[in-house]
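Paired with chain B in one complex and with chain C in the other, chain A is shared by the two complexes that follow.
Right, the complex of A and B next:
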């Protein structure tokens, strides 16, 4: 027989409610956390917050680039901008870019990811690497190379003409009807690899048991995709689309090297418009360019809010 | 355990010492010539002891060797404490870099103003430059006849001087002589009229291999296209984008319409390199050098640029054709007097030394060396005759002497004009943008587009004049009228009086 002597259990007194520490106290006690955060806070403040706030202020100035300082002119820049056809042209081009390029990149990458996620696909690793290579290539270099590839005497046109698909070379970059779409095509090609990686990561979160269960229930490839893969990928779709949308608004390097925004402003997106106004004008207009950036920011924010509200409404309707 | 025996200064002593140093150092600095108070034009600018570095930014790629291996080295040989550090940038990058550098107080001591396409007067007004007239004696240099108020001299102070001649245009047709011979044409024979030019380009297109095209006309750069339109319109009789007799904006006048029709005719002839629409001039030069086209219209720096990057194209054979006119009665290309090429920045640490380095470019010897680089012709044009240059370069300069005349410049007569120009916003689509739209098929009604530009530009000029007047400038639309301007003649310094 074993006798166990246990210490008598003491009734614990209820712990006193922890004192709420002041911010100053927290900073003093956990100073090392803030020390580690400092480089990020300083960097973010200097290179993101400050330029953002400064551009808001500049938008209210008449500031020729040659002058050291600008003069406060209230909303005059915004009034001019509102009546500027070229601003709205570039705004429209940016939206067209967004509307075509993002679904194309997201959709195409998803299809490729599904194919490359299958164990039966040969050379999966090679294809993934090949598709990712353009992502790590500098945008401006891609632009320069593609001016040669899409040239009238370049390999694309050579293939089109030789295969009798067209009678004469297609002017991909020099025609106002084609230039924006050509840039979209190059952008999708360049960034497809990174979206592919996102999708592959997302696909690998789906447990195999679900597919096995679906197969036991008699589901074919399509039904597997429709009723297993797609519903489980939806949360990722929102995030991936958002990331790609942000990317589609940062296309300055490609547009400048491929078309310079032309011909006749046909591929001029808002970033190029801002650059042209700030640095390319006879008298650079820094205040006006900042106003364009601010207005574009506000308008895209409004669109993003509208999109978020739309998604929420759609989800409620589906529930 | 060790104890330091060195007495430690008290906090008060430390503060007192630091304060004393803070006040004393600038004073000491002023006494030793670190400030500008010790400067005077007579003394050797490099007398100051210690190494001096002159930072220099420009966009003249063909002049790299001349500057870095000759001018700066020779200067260093004479003043071994002075080193010039040069950075060469593309024109657009330079303009952007200068704007950013100015705001962050990192401007070089000397720079060119490419990419800052606004009026130099606006830059002077905003304090960009240091006057150099007090440091160097330009009045006794060969430059003295080329200095204009409102271009080089402002409020009696000289800020710059021309290194290059203003007597040039960028519409000389450069010919691949080998291809011309292959098409049984004399590469030295310029087609005089537009019709002859078209016929010659067609011949070149047809009588050369299929991979070779008649003409390269790069359309990506709208400034380039605007230059072509204006030069051809001037050959058809236009005074320029402004009619100096009336002061009106003349972009929608008949010569401009004719010039546009000429460009369209070249396109309709099917002789243009098919990649023209997506190329800029520098890309086009590389294609021309590769033998993809027989002809390419560009500026006098063409051979100089080729020598740096594509010299086999020069050795293969190159010739220059005079700009063609609509008929045998030739018009004239009008240009402004040669602008200043380099400026001493107001942020220059040693403006006197910087000015002295610049001053080395005022000699006839430097002009001769400049000519050999075959960039823009030197201001002392006679030196081209004596210089060892390609015959096509020499021939092109002689074409300029026949075809190019100096036109009036409103801000030379009235400095207030510069203030109106600084208020002026660009009008779009500009003539170059209209040419691009027409040649790439975006617009067909070029007459309406040109008229619209003329109307908008006139309105914008009026607005800018009013804005400048509100700020105290004395300027009016009459400042753009030059009643004594005579077509076909130089508008000289005396003409302004």
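Right, the complex of A and C next:
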């Protein structure tokens, strides 16, 4: 989902404008354009731009929930947050999630896409559909279902014990050493299919003649992949990784229903921390939670900027 | 020749095994929804129930309140999808075809907020909805899910409308049609493939939404959606596994059905999005 935002093709050069209109004149003539934009501007303004700005304001308030307004306390929330082990714990969990889940999802999906893209592979459409199926399902419900499947008496443990891979059932969701990784596993399972579709679309942009040329030059499977496929996929890699990273920051539904962030906060990611502080606690702390959200937002913004730079570098390398 | 054929079968078998593991959770779920409670964990890995227990479904439907959750989800999903399609088609049309004062600013705002995570905006959005008096209403959830965000849908429409030749609407204008007529009579029908894509993606997002409906309906359980109601069901009733499995099947079925029917468009719209 790259954002193509080049201004529409400018057929007319700006120089010989037929009649110069003032800004106000133009806006008055184009009134209907603004009418068309009205729902978007009002909706987007209220539900996206305003929250973005308001979060910053809330972050400087002492605002116990259910009070109508908060009181300004400067940077106190950030100071508290800085010393809050649980916040940093959730922050670290989010980073671990990103660092493990995203490469796993992107890499596995690429591998499968390459296999599914080969004409010789049988039943390609069917396999693609089956691998995609979890994507359309509801995360919260999938989470609940997996608490049963990963239960000590559930089918996964039953299979593991029966096949003598483990002696006693593994506590996937209930042990603090495993919980985060189990959530990562379920997340990769649920979302791999969509990344697979992205990769297949990317692979289809590579013209067949290139492969034929490589064959004629005597390239084997590996060389073909290394010198034809991989370089051409590089720009897609950046975009797909970005999409998946944003996905990895929106894991509230799975974490909440699989582990609730536990045990002992071992799988609590930032989103769950914010929810718990703002809505789940007995004394909700809206200002404090907003400060956490602002720091979290800065992290995502930094990631997005790094990616944008990466895309630009990749495009330059291609040109 | 034999080498390639055997490798073909090897790959095919490997993929078949992988896919079997992949969809096993769904098979297990459907089978569990037809078993008795002791049977689910007692019968080991056997997927076939001794005798299908259809009562699980009627129990899930009536006792858990799933019929009202289902109705809430349908209303909220359709409302959100309609809202997003309407506003992004209108905005995409003028963004894709016209120059106007403020266009660059608008696109800039879209870009900056493109990847804004939901966890970041949930607190102000909840406060705003509360102040509008819409917290704990269907409309509040619809606006929360559909009024902001979704810049991708707008940009998809803009990209499409940009490719349509100008003479089409100019001749309509000559005949005296106003901008709204041109848009609804000519442009929107032309954009049907984009509308299908946006419909699919939004349907999925709204049906599966969790955080926002959860927060908005915290004090009004009767407004819960399937996703929220299902997880609450577990908290309140953690022994009726079979009823839970039936409830899960019921809540997943509509979205899976939409996927099966619109499968081709589904895949194409996703692929199209990344190719841009």
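Convention: the second predicted complex is superposed on the first by the 267 of 319 C-alpha atoms of A that agree within 3 Å, B and C clash if a C-alpha of one lies under 4 Å from a C-alpha of the other, contacts with A are read in each partner's own complex, and residues count from 1 in each chain.
Methods note: contacts are C-beta pairs under 8 Å (C-beta built on N, C-alpha and C of every residue); 3 or more make two chains touch, one makes a residue touch a chain.
These numbers were taken from a predicted model, which means no experiment stands behind them.
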(request) Look at A:153 in the shared chain and tell me whether it touches chain B only, chain C only, both, or neither; answer first, second, both or neither. (result) both
(request) Check whether A:264 is in contact with chain B, with chain C, with both or with neither, and answer first, second, both or neither. (result) first
(message) In the overlaid three-chain picture, which partner chain does A:71 touch, first (chain B) or second (chain C), both, or neither?
(response) neither
(request) Give one of first, second, both or neither to describe whether A:221 is in contact with chain B, with chain C, with both, or with none. (result) neither
(message) Once chain A of both complexes is superposed, is A:205 in touch with chain B (first), chain C (second), both, or neither?
(response) second
(message) If we overlay the two complexes on their shared chain A, which of chain B and chain C does A:175 touch? Say first, second, both or neither.
(response) first
(message) Between chain B and chain C, whom does A:279 touch in the aligned arrangement: first, second, both, or neither?
(response) both
(request) Kindly classify A:86 by the partners it touches after superposition: chain B alone (first), chain C alone (second), both, or neither? (result) first
(message) Between chain C and chain B, which one touches more residues of chain A when both complexes sit on the common chain A?
(response) C
(message) Output the chain A positions appearing in both contact lists, the one against chain B and the one against chain C.
(response) 147, 151, 153, 279
(request) Within their complex, state which residues of chain A touch chain C. (result) 1-5, 7-9, 23, 26-27, 30, 32-34, 36-37, 39-44, 46-52, 54-55, 58, 115-116, 118, 120-123, 126-134, 136-149, 151, 153-155, 158-159, 162, 189, 194, 197-198, 200-202, 204-205, 236, 239-240, 242-243, 246, 249-250, 252-253, 256-257, 270-271, 274-275, 278-279, 286, 289-290, 293-294, 296-297, 300, 304
(request) Please name which positions on chain A make contact with chain B in the complex. (result) 64-68, 86, 147, 150-153, 169, 171-177, 259-260, 262-266, 279-285
(message) Could you list, by residue number, the parts of chain C that touch chain A in their complex?
(response) 4, 8-9, 11-12, 15-16, 18-19, 22-26, 28-29, 32, 40-41, 44-45, 83, 86-88, 90-91, 93-94, 96-101, 103-104, 106-107, 109-111, 113-128, 143-144, 146-149, 151-152, 154-155, 159, 162, 178-180, 183, 204, 207-208, 210-211, 215, 218, 226-228, 230-231, 234, 241, 244-245, 248, 251-252, 255-256, 258-259, 263, 266-267, 270-276
(message) Under the stated contact criterion, what part of chain B meets chain A in this complex?
(response) 92, 95-96, 99, 102-103, 115-118, 122-123, 126-128, 211, 219-222, 273-280, 283, 292, 421-426, 428-429, 433, 436-437, 440-443
